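Notes to accompany the following structure.
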Amino acid sequence: MESIRKNKLAITVFMLPAVILFAGIIIIPIIMSFIYSLQDWNGITEPKFIGFDNYIELFTSKSAGFPKTTLNALLLAVLSVFIQLPLSLALALMISKGIKGERFFMTVFFIPVLMSTVVIGQLWLKIYNPNYGVLNVLLDKIGLHSLAKTAWLAEPKTVLLAAFLPNLWQYVGYHMLLMYAGIKSVSPDVIEAAKIDGANEWQINTRIIIPLLKPVIKICVIFAVTGSLKTFDLIYVLTRGGPDHASEVPSTLMVNMTFDESRYGYGSAIAVMIIFLCFFFAILIKKGIKTEDYDEK
Amino acid sequence: MKIRRILSGIAAAALMAAVVTGCGPAASTDTSQTGSDPSSNAGNDAAKETTITLWSIATESDSFHTAYANAIKDFETSHPGVKVVHETFENESYKTKIKSAVAANELPDVFYTWAGGFSQPFVDSGKVLDLTSYYGNYKEDLSEAAVANITYDGKVYGSTIVTPVSAMWYNQKIFKENNLEAPATWDDFVNVCTTLKAAGVTPIATSAKDKWVLAMLHDGLTLKSVGPEKLQKTLLKQGGSYSDPDFLLSAQKIKELSDIGAFIDGAAALSNDEASAEFYAGKAAMYFTGSWMGGSIMTDAADPTDFSVAPIPVVNDKNAKLTDFMGGGADSLMVAASTKDADLSAEFAFEVTKGISKYAYLSGAGIPAWKVNYDDSTVPELTKKVTEYANSATSFTLWFDTLLESEDANEYLALLQKLYLGSITPEDFQKEMAAQLEK
Amino acid sequence: MKSKKINKVPVGAYVVLLIWTVLCVFPLYWMFTFSLKENAEIFGENVLGLPKNWMWSNYADAMRSGTLSTGLMRDSTILLGFKNSIIVSVFTIALTIVCALMACYALTRMEWRGRDTANNIFMLGLTLPIHAALLPVFLMLKSLRMLNSYQALIVPYAAFSLAMAIMIFGSFMVNIPKELEESACLDGCGTFGIFFRIILPLMKPAISTVIIFTFLQAWNELMFANIFNSEKRFSTLPVAINTFFGSYTTKWGPIGAALVIATFPTLFVYAFISRKIQESLIAGAIKG
């Protein structure tokens, strides 16, 4: 068995395709982004090397407000981990045990993930519209007349949460599917044995399934956090980061700088910061949530 | 083996897909690596065909699409053996696409672009062709004023299609119901707004999310406070200064309008589509935007005869006249330096813009940049009216966000949004604009 | 063992499930109704209701787009986009699954120096914002003479899905007891034998999950598709739908119709594959 586990040829063969693909499309662009980030460059004409000036501007310029965009993204990450994931887990546990309509729920809960951002964005714009939006009509009906006048996406005070809510809602199904598949791969024998031992549903969930689900939960947390730090699509459709940067996240700022202002170097510096933050948190979570790794057995 | 079954299943699915959808001309997987030569798979006869590739934003839903198609057809008819491949892209994503294409030197023969600051880096990079010598042949039909914005360092780098101007579009039915006339001065304008407001009608629909819409109003008011000479000098950084007190005036006017509640609720979160829909539906009385709205009203408004157009009112009559306009030739075609046949591509750029100019005018989509030497009696009323304004204009100034280079333009729009929201004062706005332009 | 026993679920849970069902079905209903309206209704009073005037012509308009000049249905932007999206998605999925499964096996079940570092490096794939990769990948594809082809999309899509796929596979693979491999080893299986006969069959739910996620990403991606390919014959669905937007005016009805045409296949693919995950409860039972 040892020789099989350490078969050098097999390791090379197994790793090679992924390594080639990964190096070409992921690693090289990361390196190039770093090089661009040290330049004053409009993306077209000759670049000028300026050292770390872009990074210095990133943290000192008030008009762009990069630190604040990072805080916004971190807020989304926190909401995502502590609201979205528990909800996903609860839904996955509820539907994974052979209840009536399991397939129906499985399909339905995934619908928001399947829909294109254009549709989701337009829908929420209609929900939030100050003049004929669903939200304000509802608030008006239940008697909250003063609240019902709010232009949710136009007020700097409300826009951040209003723009995050659709994000949180849309990806519940995504994490639910991962967890559902994880629960499905738990051996039924284990559950059956626990039942014979007299464990109730709650005990089975908390003592058997969730511990076995830890590796899946860990990657859900990693996906949720890196996804939040990189979030772009829905925010862009809903608010473009505005009004006045109130709902700006690092990616919208990066796109704004890179493509609207043609400041490729500065945009790349933001990209490098996003990469760094994502990587930092991914490693932190990986180390933080201990799973029973193969080796430790 | 499982994996084999999966793979064969996938292959079968792909094959089926290709069959079901009728299998276009392209091979599915082996994909001839055509690079930049689109003619290689056309499968045409031995007859030598020259292909010109044109990129534009005239997608099929765009009001210019038919004009492009007709003009291209005309060109192909008069130039046997030339085939034009017209690839169209959506406006916003096209901006990213064209910048990337210049960066990677992957330009088509001829491409659509925006004059002024947007194309400046293209010219600097040397990847677009100087068309000055070709322009000589077309001078009679295309005035130097029309190509002024696409002229860099005295050299003409493109040919323009239309010369849009911005104007005040208004619902004359609502105006009539409230006994109002199109305002020519600032005081009249404020009076119109307060009267409408009192009557429960939203005076102005605008979008501060698509910031350029709000800029259409602010640009116009600035022109009407500062006057064309001073404005151009300042924006082109040729000796004017944004610290001039006249510049403060227009910023204050935006605040004043905001304070009297002249703007539609939640404009900061409305897109141009959403805001203009309110105007077309008669729920707001005025909309400040470019002459293209003439064409849109014909298709989108329930009753186009309810609508009319007027110049933006004068704020300071010492500096500006009613006949000064924001606008000018911005939509242009440029030729890539990498084109295989420079003469043909240049001829194509001029001939086809001439054609588009004509067809777009006839359909009401835009104000022609080229001389009108054909019967234009069928042009829709509103477009004709705004064209007359443009023809009698005493000056044209290109919009801030087109004239300025991207970085300045983007900062301007960001500051304007802040001004609209009230998070900065008009004084701060002026100060920060001056600082940005002096950078 | 058949676990077809229907479990009792408290009423409270059903209430939660039903509320969430409504929240999830609503966008589908909304998309469908807006595909049958005209701009005035979409942006006006009748945002949520059924169309006053059922504009089935929006669908005809959507399908007809692109055929104006030739009149041939095979030039239809939407149909062409549909075909291209299927080709790109299918090959992206295949490439992703093959590369990720193999790498994941080496990364989780085999022992070699630098394995942990390699594992961490692959996580970088989750960190790279797609916009930052745009220009570098564009230049790379250009130098490989791969622009304007299906590969121009398949290769980057697969690379961007790789990290996600490896991690999902990894989280499933660690739960496979190593006794299974050992007994297979005693039966005379080599590395490849263990991989194909023992590991793969147990990875079914994970493979189904990765198929779904990779498919979604390839099916919906717009930016790469818009920039790496400039010829209409390679345009994927998102690019095709994007051409429905005009510069200053947009007819939303046909866009709705096109989006319905683009979304329903994903729903079917998902329903089909998720069934595989569900069935794996029985199939995935480890027969030791």
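Just so it is clear, A, B and C label the chains in written order, and each chain counts residues from 1 on its own.
To be clear about the criterion, a contact is a pair of C-beta atoms (placed from the backbone, for glycine too) under 8 Å apart; a residue touches a chain by one contact, two chains touch by 3 or more.
Bear in mind the structure is a predicted one, so any value in this text is a computation, not a measurement.
Student: When all chain pairs are ranked by how many C-beta pairs they have in contact, which pair ranks first?
Tutor: That would be the chain pair A-C.
Student: Tell me which chain's centre, taken as the mean of its C-alpha atoms, is farthest from chain A.
Tutor: B
Student: Using mean CA coordinates as chain centres, what's the gap between chain B and chain C in Å?
Tutor: Here the centre of chain C sits 35 Å away from the centre of chain B.
Student: So how far apart, in whole Å, are chain A and chain C when each is placed at the average of its C-alpha atoms?
Tutor: The separation of the two C-alpha centroids amounts to 16 Å.
Student: Show the residues in chain B shared as contacts by 2 or more other chains, in ascending order.
Tutor: As it turns out, chain B has residues touching two or more other chains at 96, 100, 103, 274, 278.
Student: Two or more other chains in contact with one residue: find those residues in chain C.
Tutor: Residues 44, 98, 135, 252 of chain C each touch two or more of the other chains.
Student: Multi-chain contacts only, two chains or more: what residues does chain A have there?
Tutor: Residues 43, 129, 259.
Student: Any idea which chain B residues touch chain C in the complex?
Tutor: 1-3, 6-7, 10, 13-14, 17-18, 21-26, 28-29, 31, 33-36, 38, 55, 57, 59-64, 69, 85, 87-91, 93, 96-97, 100-101, 103-104, 106, 108, 272-274, 276-278, 280-281, 289-290, 292-293, 295-296, 299-300, 302
Student: Considering only the defined contacts, which chain B positions touch chain A in the complex?
Tutor: Where chain B meets chain A, its residues are 95-96, 99-100, 102-103, 121-122, 124-125, 127, 208-209, 264-271, 274, 278, 405-407, 410-411, 414, 417-418, 421, 423.
Student: Would you pull the chain A residues touching chain B in the complex into a rising list?
Tutor: 42-45, 63, 125, 128-131, 149, 151-154, 156, 159, 239-240, 242-245, 256, 259-263
Student: Of all residues in chain C, which touch chain A in the complex?
Tutor: 1, 3-7, 9, 13, 16-17, 20-21, 23-28, 30-31, 34, 44-45, 47-48, 95, 98-100, 102-103, 105-112, 118, 120-129, 131-133, 135-137, 140, 155-156, 158-160, 162-164, 166-168, 170-172, 174-175, 178, 181-182, 185, 190-192, 194-195, 202, 205-206, 208-209, 212-213, 216, 220, 238, 241, 252, 255, 259, 262-263, 266-267, 270-271, 274-275, 277-278, 280-282, 284-286
Student: Contact residues on chain A for chain C in the complex?
Tutor: The touching residues are 1, 4-8, 10-11, 13-15, 17-19, 21-22, 24-30, 32-33, 43, 90-91, 94-95, 97-100, 102-103, 105-120, 122-123, 126, 129, 132, 134, 169, 172-174, 177-178, 180-182, 184-189, 192, 201, 212, 215-216, 218-219, 222-223, 226, 230, 232, 251, 254-255, 258-259, 264, 267-268, 271, 274-276, 278-279, 282-283, 286, 291-294, 297.
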